[in-house]
Amino acid sequence: MAATPTGDVDVDSEAVSASIVGASGFAGGELLRLLAGHPEFELSQATSREYAGKSVGSVHPPLRGTDLRFSQPGDLESVDVLFTATPHGVTMEHIDEYQDAAELVVDLSADFRLDTEAQYDEWYDGHSCPGKLDVAQYALPEVNRENLAGADVIASGGCNATATILGLYPLAEAGILDGADVVVDVKVGSSEGGAGGGAASSHAERSGVVRPYAPTGHRHEAEIEQWLGTSVSFTCHAVDMVRGASATCHVFPDGPVSNGDLWGAYRGEYDDEPFVRMQAGGSGTYRYPEPKAVAGTNHAEVGFELDASNERIVVFSAIDNVVKGSAGQAVHAANVALGFEETAGLEFAGLHPVGSP
Amino acid sequence: MAATPTGDVDVDSEAVSASIVGASGFAGGELLRLLAGHPEFELSQATSREYAGKSVGSVHPPLRGTDLRFSQPGDLESVDVLFTATPHGVTMEHIDEYQDAAELVVDLSADFRLDTEAQYDEWYDGHSCPGKLDVAQYALPEVNRENLAGADVIASGGCNATATILGLYPLAEAGILDGADVVVDVKVGSSEGGAGGGAASSHAERSGVVRPYAPTGHRHEAEIEQWLGTSVSFTCHAVDMVRGASATCHVFPDGPVSNGDLWGAYRGEYDDEPFVRMQAGGSGTYRYPEPKAVAGTNHAEVGFELDASNERIVVFSAIDNVVKGSAGQAVHAANVALGFEETAGLEFAGLHPVGSP
Amino acid sequence: MAATPTGDVDVDSEAVSASIVGASGFAGGELLRLLAGHPEFELSQATSREYAGKSVGSVHPPLRGTDLRFSQPGDLESVDVLFTATPHGVTMEHIDEYQDAAELVVDLSADFRLDTEAQYDEWYDGHSCPGKLDVAQYALPEVNRENLAGADVIASGGCNATATILGLYPLAEAGILDGADVVVDVKVGSSEGGAGGGAASSHAERSGVVRPYAPTGHRHEAEIEQWLGTSVSFTCHAVDMVRGASATCHVFPDGPVSNGDLWGAYRGEYDDEPFVRMQAGGSGTYRYPEPKAVAGTNHAEVGFELDASNERIVVFSAIDNVVKGSAGQAVHAANVALGFEETAGLEFAGLHPVGSP
Amino acid sequence: MAATPTGDVDVDSEAVSASIVGASGFAGGELLRLLAGHPEFELSQATSREYAGKSVGSVHPPLRGTDLRFSQPGDLESVDVLFTATPHGVTMEHIDEYQDAAELVVDLSADFRLDTEAQYDEWYDGHSCPGKLDVAQYALPEVNRENLAGADVIASGGCNATATILGLYPLAEAGILDGADVVVDVKVGSSEGGAGGGAASSHAERSGVVRPYAPTGHRHEAEIEQWLGTSVSFTCHAVDMVRGASATCHVFPDGPVSNGDLWGAYRGEYDDEPFVRMQAGGSGTYRYPEPKAVAGTNHAEVGFELDASNERIVVFSAIDNVVKGSAGQAVHAANVALGFEETAGLEFAGLHPVGSP
Amino acid sequence: MTTCTECGADVALHDDAEAGEIVDCTTCGAELEVIDVSPPVLEKAPELEEDWGE
Amino acid sequence: MTTCTECGADVALHDDAEAGEIVDCTTCGAELEVIDVSPPVLEKAPELEEDWGE
């Protein structure tokens, strides 16, 4: 039963070893899946306190048939790269231990995304290891590719922040956001909440919702502002899908902007990006970015439409929150940092038809 | 608000007769359901060209067991009230015929919602009976109750427009919209598209979506502007539910507004409204307005949150598009116009738990 | 089958008082909803240990606007009827206390459904109050109407058992089950698991499933056997809906059976039943029983088809598990026991279209 | 934008060329996706009458970025392998033309699945090219691997038949089906109906269903009987998922069978199969076969449980209908026929978490 | 009978309400802490984190 | 390396496995309790109730 792909690189002799802390969670499970199919990495350990001793496939069906079993996070062995997919606060507490174990730590939590302690004081509950903040590099290659090589700590972006930044970055670079008012209205799936599950996230309560959460003051505003250089009015809604984050950005620029300006800005930024796809108009069922068209993949879809009468640009951006918005972004950044093919391990192109993946 | 109807009128001797044109559709089916349970109305005819001769229950399961059969729209008999639930363009073509058949015509389409021919020229493809436009009254009692008595033609509002107007009307009345910038980001269910169904609305393609449609230039902007006195930047998304329209309104007022101002505005407008419920904060699973909490009912939920740092008011409004956003609104308006108990026939309070109704 | 409520009893002067233990749960919430709209009952108390002090509407959106707040189960006051919607094992422990508080106890759990202690030893973990077993009457009026008047304890049936019994009872009565082999393949929604919610019932894990559970040895077999006089091979699957239980019964009768025999058996049993609807064949979208056609209602749909080449009868039965399969059945039985109109408080006929209610 | 994987084989010099007739449909789209990622095939043409001239990515989002455009089925060029994914009846009409174009025709329809004209007369509407029936080989490698090499026509199995045959084949081989009674209760997703979409398969009508269809007399019974050597009592239900077919087989063997017998039969048959996974019991969320655990993959999950008290074996089998049940099976069979690595192009292992893919 | 500090609506307290108890306003849904009972004084309760994450 | 008591497949135990530990068989999914380690002996672990109710 060959449940997982094997690449053509000689894995045994020159593979880069990698372990995952928090491998029983949703983001950690994706890391397992992506690294198991990656031609350059060899999986070493996958931790879970709750499932230690069980096979990784008992929690994550795509991994069935692999012999790897969860180990305790306290039993970490040395590896080349350590991916950490733990809740906010864990990595900042254990960063020294993690860096002892691996030359490169790729963290999926918010712990090293922001530049300064002051931001953590404002948006989170402070930071327990602020001295390491300037060592860390933000993972998203589309905005930070040039700083990833040689990084010691890479901080994978927030999923809502990733969707928003990818949607608006070309406008920021083109100066179109200068003085602009920006509203970001996000819709996300249930996997964003992680593998826990209380009464409110039960199937009966969570099905069929369009449920506002974090109407104002969402923490990802900090990351977005850091990368776009402007503040945004941000509101999030839970909708009935498992994977997916979709950001609709309503941008009111300071002066007139033409369709040509916009295509120039977007194509200039994204034409050579392996994981960003423009989707703006056209015909048929899929005309604008939508999350189910990228579910399971590391792709982002980005598109826009000009609203001349309201002097508005509507930008749509859609990603899979646990891939491009988390584990896939982390692997992509590691590929860049280690000099691998950027798309290595991230080639899956998605499914059609597909329901609510 | 009594959750069940009570009927003290002697139905047999003095019931008001009503027929429905377009009764095989989604909005028409709701009219059938609501009128069948209404203490004051007696159903006369229900038209469908496609299903003429079949029992209404063969199309609409809740009507099973009733003896009524669909008739041809050409065979209309005289009744007290005629409800028309046909696609845009049909009622304007047949308005004379409909008015011959009934003293009161309640139309669910867009044909008589706008005040002037110019608006139809701008937003639709013109109007074939502009002379009747000023005879018609907009149905939504929360904004137009005082003009409904004695109306000859009542035009039930658009579902997205209804959600938006209910969310913003108290701000308009309180002057808070004067000079404000307003973005309206709407999420709707599949029943909004009616009972047709092409490839794009098939289950396989339409499941699990967050799909932008009408990113700009949505026709309901006209209605909204007419009632709020200000233009709004409007964008719509199809999401995975069947019933429901949810409007998130991002309002940037001209000057400072306090929580107290907002509560004053909203409670002043809605405290006595039988079908509007405030839902703003609190605890538990249901903290803000959401469509599944009002699915199947004529209730609207409205709530808001102040975003001090962005000088923004976020307003949420949720309705069932085929009830409050269509058939229920029509029956409510007819109740007002005819002097019935306002809540007659509209008492159903919804279900919990409920999935994606 | 009257689709709309009629209330001729003077509610204020002679209402029957009722309380609910376990009112924050899914079945208890339905009881609240049904009794709040019932012309004969007046709600007294609704218990919840977790939510004591909060308004019932804070947990159950359809109850918003009512002033009733949850109280502690230890603070029960005397009422005419006590409905108990607690997990299995609670009522058998507290039955004396409950009977002290009310003349009629209607229990929704499995605690008093079976006739003998031996059955509880075989199928459950024994019974702590076996002496009361023969006092209790099974609620399902379609099979036990004549024994409900004057009962002290009424035991509402299991939802899967109710679906199965309603599907097969006419065959049992007609002798067609004698010597027959019967397979029952059930599909149920997530509300069957109650309002708790662990990781396996989270939205992310529970969405989109066809998940076998209780492949063999399901406890409801005991109830089914008790009422049909024959054992059945029973298997259950969780599917992606919130409300609904659907039983497909594959019956292999001992001798030849004709379509006429079947219609005779089913119509004989159900023609006068207010809550059972035959649905067998026909045209259009809804040809056979399906749960979404009865969601939110106390109706059962039953239908069948003969498979001549396999000498098989396929019987379909569909209910809403929390209404006909639980709270609605309990209210129906109470209506019968107390001499009320059978359909009082249970007139809601459902919605069309409707997604996954 | 590298939307599709590229293998390491030198595609230009030695690739096997392949075209797809019916490439705009659901099964044809999967063929496109699988062949685009296949190391041995080079895509030549993809036909669609409706979308001729459009890029394949305009219909199938995972193919975006590829340059291939749909061509007319009348313009077929010579290739090594022709895959046909047209509705039943098309291939039998065009088989000569298809065989002229390619040495190997792999048909996904029912046209060449059955052995004899008599079967087509009994289960379908006859056959227009019965002389070719004995040339064709059934695709499913698990039951027919040894006959695929050198085949001229390969007939990919029906999705429900595939699920059923995989579930029961080890029992048939072990003689346990001899004299056994077998009920097969199937649950399938909406993609089984193809990309058309009428009113009944619209999102509003098809969401949330457990809808019986083909209660008796399903055509796949013919295929099943052909491969298992016994007739089965077969019933199908549409449930709310897009991909997936799940067969629950209730088997009543003639004599006693032990757990050991069963494991012997299943492991003997499947231990070396690359695409069959046993899943029977265990702990956690995923204990038995379920379709969402294999969605998007060519894997089948098979499991069973003994019901001693009813002398029954319950067998569960789950596949993705458009992969293992159609396009994936076809590619797998072609791999076998052409001597490629069996798993080539079929390595995707699925997603977790995943909603309703 | 007292007044919701959030929206100003009337809030009915039951007879044996005690200081420290949390009630919700049935008009706006706000959670209110009973600070005193005679006369009744309410205060907005500290907000609970939504438990369905981000 | 030892054998699953349910399905007979090989089960690999890690080096520092201890008696009392629960492992799952990667062939059939059964939960197995490690009864002894040298030589390894497994026994089917008591079944956990599904936590998603009926």
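When the chains are written out, they are named A, B, C, D, E and F in that same order, and each has its own residue count from 1.
Throughout what follows, a contact is a pair of C-beta atoms (placed from the backbone, for glycine too) under 8 Å apart; a residue touches a chain by one contact, two chains touch by 3 or more.
Keep in mind it's a predicted model, so treat the numbers as computed, not measured.
Among the pairs C-E and A-D, the greater number of C-beta contacts is found at A-D. Looking at which positions face the partner, subunit C and subunit D present mostly the same ones, since more than half of the interface numbers are shared.
The greatest centre-to-centre distance from subunit A, using averaged C-alpha positions, is reached by C. Computed centre separation for the pair subunit A/subunit E is 39 angstrom, with centres defined by C-alpha atoms.
Subunit E and subunit F have CA centres that are 52 Å apart. Distance between chain centres (mean CA atoms), subunit B to subunit D: 45 Å.
The residues of subunit D that reach two or more other chains are 26, 189-191, 195, 199, 204-205, 207-208, 241-242, 279, 282-284, 286-287, 353-357, listed in rising order. Looking at subunit F, one finds that residues 24, 29, 50 touch two or more other chains. Across the complex, subunit B meets subunit A through its residues 181, 183, 185, 187, 199-200, 204-205, 207-212, 215-217, 231, 233, 235, 237, 239-241, 244, 246, 248, 250, 252, 284-285, 287-292, 305-307, 309-310, 312, 314, 316, 318, 353-357.
Residues 12, 14, 17, 21-24, 26, 29 of subunit F touch subunit A in their complex.
Contact residues on subunit B toward subunit D in their complex (touch as defined above): 26, 189-191, 193, 195-199, 201-208, 242, 355-356. Across the interface of their complex, subunit B is touched by residues 1, 3-7, 26, 29, 33, 36-39, 54, 58-65, 189-191, 195, 241-243, 277, 279, 282-284, 286, 293-297, 322, 345, 347-357 of subunit C.
Touching subunit E in their complex are the following residues of subunit C: 53-55, 57-58, 64-67, 69.
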